[in-house]
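Each in structure tokens, the structures are laid out below.
Paired with chain B in one complex and with chain C in the other, chain A is shared by the two complexes that follow.
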Partner chain A sequence: MSCHGPAPLPVADRHGTHTADDRTSPAPLRVLLVGGPNVGKSTLFNALTGARQRTTNAPGTTVELATGTWRTAAPGSRDPAIERAVVDLPGTYSLLARSADEQVTADAVRELAWQAPACACAATSRLGVAGVAVVVLDSTALARSLYLLAQVAETGVPLVVALTMLDLAATATDSPTGAMEPQALAAALVAAIGVPVVPVDARNRAHGGLRDLARAVDEVAAHPTHVTGIDVPARTVSDGATAAVLDLAQELTHAETLFAWVERVATCLAQVTTGLAPASDTDADLTCEHPRRHLPSGRGLRGRSSSGRSSGPILSDRIDTVLLNPWAGIPVFLGVVWLLFELTTRLAAPLQDVIDRLVNGALASAVTALLGLVGLDDSWVQGLLVNGLLAGVGTVMTFVPVMAVMFAALGVLEDSGYLARAAFVADRVMRSLGLDGRALLPLIVGFGCNLPAFAATRTLPNARQRLLTGLLVPLTSCSARLTVYVLLAGAFFPDHAGTVIFAMYVTSVLLVLGGGLALRRTLFRDVQAGPLILILPPYQRPHLRTLGMSVRLRVGAFVIGAGKIIVATMLVVWLLMALPATGQYAVGDAPVADSLYGRMASGIAPVLAPAGFGNDHAAAALMTGFVAKEVVVGSFAQSYAVPEPGDPGRAGTLGERLRDSFDASSRGHGGAAALAFMIFVLAYTPCVAALAEQRRLFGWRPTACAVGVQIIAAWVLAVLVFQVGSRL
Partner chain B sequence: MSAWAAVLGDAAAHGGTPAQLANRLRLPTALVQAVLDHAERLGVVTVAGQGRHSCGSACPTGSATPPACAGCPLSAG
Partner chain C sequence: MLPESPVGAKLRVTGVRLPLADAFRLHEMGVRLGTLARVTQHAAFGGRVIAVAGSRYALDGGTAALIDVEPVGPLSSPMTRP
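Right, the complex of A and B next:
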């Protein structure tokens, strides 16, 4: 048996991260959670690991994995708790992968299969095997889950089956096994497939069968059992012209064998349901006979209607007649997204104000006072600590409420089953960009704030699709850019300000579509939206504990991952503003115009001249806008040395100064230059926080390339707008 | 006839959505979807308007070439 499998997945224990190649001590038993999308796998993972979990990328990929420690007390002994390293693998319907995420799951299962106890290269646990796969089966769609089980089983990996969604199966009229008690269904399945089956309700930790699952996993680890009844014919290896045809024929035969096994298992379950076979039948060779010969009409695998319904539609079906209808579903989806906006802005805004006042007000004053005690007030040290470090930390902290609300809202949409419906109705629109319907949500969220929009890309199942969507998100016009549009439109086009602002949003949509099509035809030619075959989960109430845990973990990942980059960037900006360009001033005392920052703005201004806004004020505003678009208006006010208007729509003195300098730099075409400036603000990098999140999710290389392309595209578009506009 | 053969045979003869196939064959939709999903991964079923996983409208290339295209002289994979 070969010991050379795919790169081992990271697993977490209380001491940190190690891999299966760590041979210094008996590794904790590795438990892989395998299952289709929306089967309750992540809920089970959260219930098993509690707070002892972390997210990490699968080796050599950008596929995010959750790993954690599953700890239970040793039964009947004073030994310390038993620990198992759990990996929540990406959901898939098949081990024949067609995306990077699915490949990670397939590789992980096969890697575990290769790590048999006899293999000296594998770090086996104290129980004798390297790990156990827990295949999570959705009781409401057993036929689909059983096929994945068959594929996992044939790899030879020791496995346990966890049955989820039993409460929903019990109320669903389209579930062939809905009438069965969970334990009876489990017993019937055990008899049919020959491996332990544990009904779990992960949303109810107290009675969720988690202890039974732990016991079953440990037993299988000690005495591996394998699924019975799968008789896959041996494959032949061939060369030459007939090899391809032979391979396909073998694949088809292989698939037919696995599906025949699925049918037999389903038939056995149906017979148990109708009382034709005892649930405790221990004959593991699947001797159940074909249902068409023995079952009454309307029972068993066959003999059901299109969805297997035997009575009227359930509540989920009735809701779906509205939500899956294109005419009603799309307006409802837009309404839900609007609600998402409202929640993130209205709920988070007051909290952001509080945090901002706390960090930049009370805390900054306290730090300043402390520095005063040691004679360092009004020094560069104070500037570094208060205006650099503390301002950076404050920026990170003010985003925490936005991210928390967004993650919570996304969690509710996902757990309730609505997100799958939204993806379904939006699917046709997004296919023009090579994306499936799930990509619409982050792009719409981007119009509120780009930062949570990056977070929303995690709902996409494919890493390349996530990257493509992530590259398009910065082109959506976030609400921070609106303040710039309002200021300039009010100052230059007072009679048509509303139309100009609307045109900016239309331009944003066109940029997303144009950018998406350009990327599809160049760097992302491999990205195609696969057929969106989703098993729509029944609607259910989200579980608050699981939701809270998920929000906490994701916000924590943001604070640590993106936060350090935001703080570092803020420090660099402060340093550039504090360092004088000449020896006339001390560090921290130089006016902005005489700082390195000011000199850089002067250096950049000529580059912006073809766009009509080649003046120091505009260049400095765009530089600070790189940190956050919210500060562009403040930067203008600062560089013109006028008070920042409370309402950007009433620009007052600032508007006059803007018109003067834009008219001067554009030789009398201030309006065209203002439009070009707005286009530049729309197209270039949204803010350093978004940049940090992009880097965290996709890595440095795509992020750096994206920044370069955004700046070049922004410049080209701005020049185009000015050159055309100034000639009209 | 097995569900696998029945679904593929019906899809080849009549086409249709998974729900329509399930209705005609009197099979659970979940099973029909599982069969079609796997067949699509093998490249023996194409989804209308796609043409990626089968030779419906183009020849796939590269490592993602489905088994059904292996050996095809028009496929560069």
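Right, the complex of A and C next:
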């Protein structure tokens, strides 16, 4: 067996992070959480790791992984705590990967299989094996999950089964195994498959099962057992290959043997569920052993009350008659998206104002006063700290409420079970772009703010779809761009300002559609709208503690991941504005026009001439707009040395100056130049914060390419609009 | 045909005419030949939701049209109950 497996996954420990290659001392036992989508894997992960977790991308991919430390007290009070490194793998129905996310899971399981103790190249934990897979099975739909269990077992990885969704099983009246008490179900499953099965109620840790799970994991690590009826290692599942390059017919033939195993296990469980005496020996591979001996001492094989159990509609079915109704489903979906839009704009706005006042007001004043005490007020040091560093930190912090609201709202939609329904309802709309219905959500949210829209791409099931959607998000016209439209439409088209602004939003929608189609036919040919086959989780009440933990983790990842880029960029912008282009000014004293920033704008202006706005004012405003679109109006006011209007729609002196300079740079076609400028603002990079988040989620290369394409597209569109408009 | 089956209808899957890769995934997800199902919802654009062994599967209209089914009577085993 080869020791050269897939790239190792990052593992977090209490001292920081290390990779699987970094093994100079006995490594903590690795625990991989493997399971299908929506089986409660992440809830279990949160319950196991608490605050000791971090999110990171799997090596070489944009697939997000949560890693953390699972700590339990060792037997005997004087022993140190036992730590295990847990990885929450992307949900999958199969180890025959169909997407980058599924490939990460398949690779991780395979890597663990390759790190068996016999393999000299891999260090093992103090317990003797490199790790254990905890296969998470949804107790409301056991038969569905057994196939993945069989595939994992086939790799030879030591494994433990965790039974989740126990609270829902009690109400899932049409679930074949829902009639059984958790312990009875676990005992029946142990009897059927021969590996430890632990019922865990991760949503309610008091009812636990977590200690039992820890015990089972350590036991299996010390004495690996294998699943009854599964040959190991008769063959490994898709050794490094994806489904695209597999001989599917051959794989299907092999899968039939696993399906048969699933049927046999299901039959054993059915016999126990119906109270029939288990068969003594059903076939050569599987014995339907009586589960009694696997029950905790003193407990009988009890079922839940049979009253109310039927194969009729369950509560989720009744809710779906409204939410998935052919007529009501789409309006409900649009209502949910509208609510999300409102939450990320209106609810977050007052909080953003408070933070802005605190950081850029009170804190900036305090820092200025402190610097005054040491004689550094009005110096470049003050400029660097207040206008560079603090302004950057302020920008990051003002986005925290938006991101927190978005993550919380998405968490509620996901945990409640509605997000899968949203994908189903919006499927037809997004199909033309080859995207999942869930892609509509970030694209609509983007019209409020692009930053949380990037966050919303995480709800998409595979990395390529997330990237494609992430490249389209900047084309949605965020509310910050509206101030620019209002200013220019009011100044150049006072009688038709509303129509012009509306046209900008229509253009934004067309850009998203056009951009999506263009990308799908070029770089994203692999993203195809295949058949929609979606498992709808039962509706359930979101768990506040789990939700809060998830929001905290994700906001923290944003602040650290995107925040440092935002702060660094703000510092660079300040530096360019502070450094004089000539020797006649001191650092921090030069007017913008005589700073390096101003000279850069002058250098860019000729490039913008074919679009009709090749003047220093417009170029400087666009450069400032790269940092944030909200400050474009202020930048114009600053460069014309006029007061910034409180209402951009009544620009007054600023409007006159704009008309003068745009008329001059466009040879009398100021209106066409203003339209071209608005198109440029719509199409080019949204802001540095969005850019930083894009980089955090998708990496430098796609982000840099996207910025380049956006700037070129913005220039081409602006030139087109001006050249056509000036001839009409 | 699945699209023509009313809500509440109990069915048995008799054929899947999807491309092999998609049919394979459907099998992996738990819908295989002989699987018993019940229609729980008709959705927009021909979409269907079916119940199989306690799970709910949402299928778009095109996919639903490529799954062949036949009606079945009362079911005998809880594990195969839709």
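The criterion applied here is as follows: the second predicted complex is superposed on the first by the 667 of 728 C-alpha atoms of A that agree within 3 Å, B and C clash if a C-alpha of one lies under 4 Å from a C-alpha of the other, contacts with A are read in each partner's own complex, and residues count from 1 in each chain.
The working rule: a residue touches a chain if its C-beta (ideal position, glycine included) is under 8 Å from a C-beta of that chain, and two chains touch if they have at least 3 such contacts.
Computed from a prediction, not measured in an experiment: that's the story for all the values here.
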Partner chain in contact with A:Ala255 - chain B first, chain C second, else both or neither: both
Which of chain B and chain C A:Asp320 touches, first, second, both or neither: second
Chain B versus chain C as contact partner of A:Leu96, first or second or both or neither: both
Partner chain in contact with A:Asp526 - chain B first, chain C second, else both or neither: first
Partner chain in contact with A:Asp247 - chain B first, chain C second, else both or neither: first
Per-residue touch tally on chain A - higher for chain B or for chain C: C
Which of chain B and chain C A:Gly699 touches, first, second, both or neither: neither
Contacts of A:Ala141 with chain B and chain C, given as first, second, both or neither: both
Chain B versus chain C as contact partner of A:Gly668, first or second or both or neither: neither
Chain B and chain C contact sites that coincide on chain A, given as residue numbers: 93-94, 96, 98, 141-144, 147, 174, 176, 243, 248, 251-252, 255, 259, 266, 530-531, 533, 535
Chain C to chain A touching residues, read off their complex: 18, 20-22, 24-32, 38, 40-45, 47, 49, 51-60, 62-63, 66, 75, 77-82
List of chain A residues in touch with chain B within their complex: 93-94, 96, 98, 141-144, 147, 174, 176, 241, 243-245, 247-248, 251-252, 255-256, 259-260, 262-263, 266, 301-308, 431, 526, 528, 530-531, 533, 535
Chain A to chain C touching residues, read off their complex: 93-94, 96, 98, 140-144, 147, 172, 174-179, 243, 248-249, 251-252, 255, 259, 266-267, 269-270, 273-274, 311, 313, 316-317, 320-321, 324-327, 329-330, 420-421, 424-425, 427-428, 530-536, 538
Complex contacts: residues of chain B adjacent to chain A: 2-5, 18-20, 22-23, 25-31, 33-42, 44, 47, 49-50, 52-53, 62, 64, 67-68, 70-72
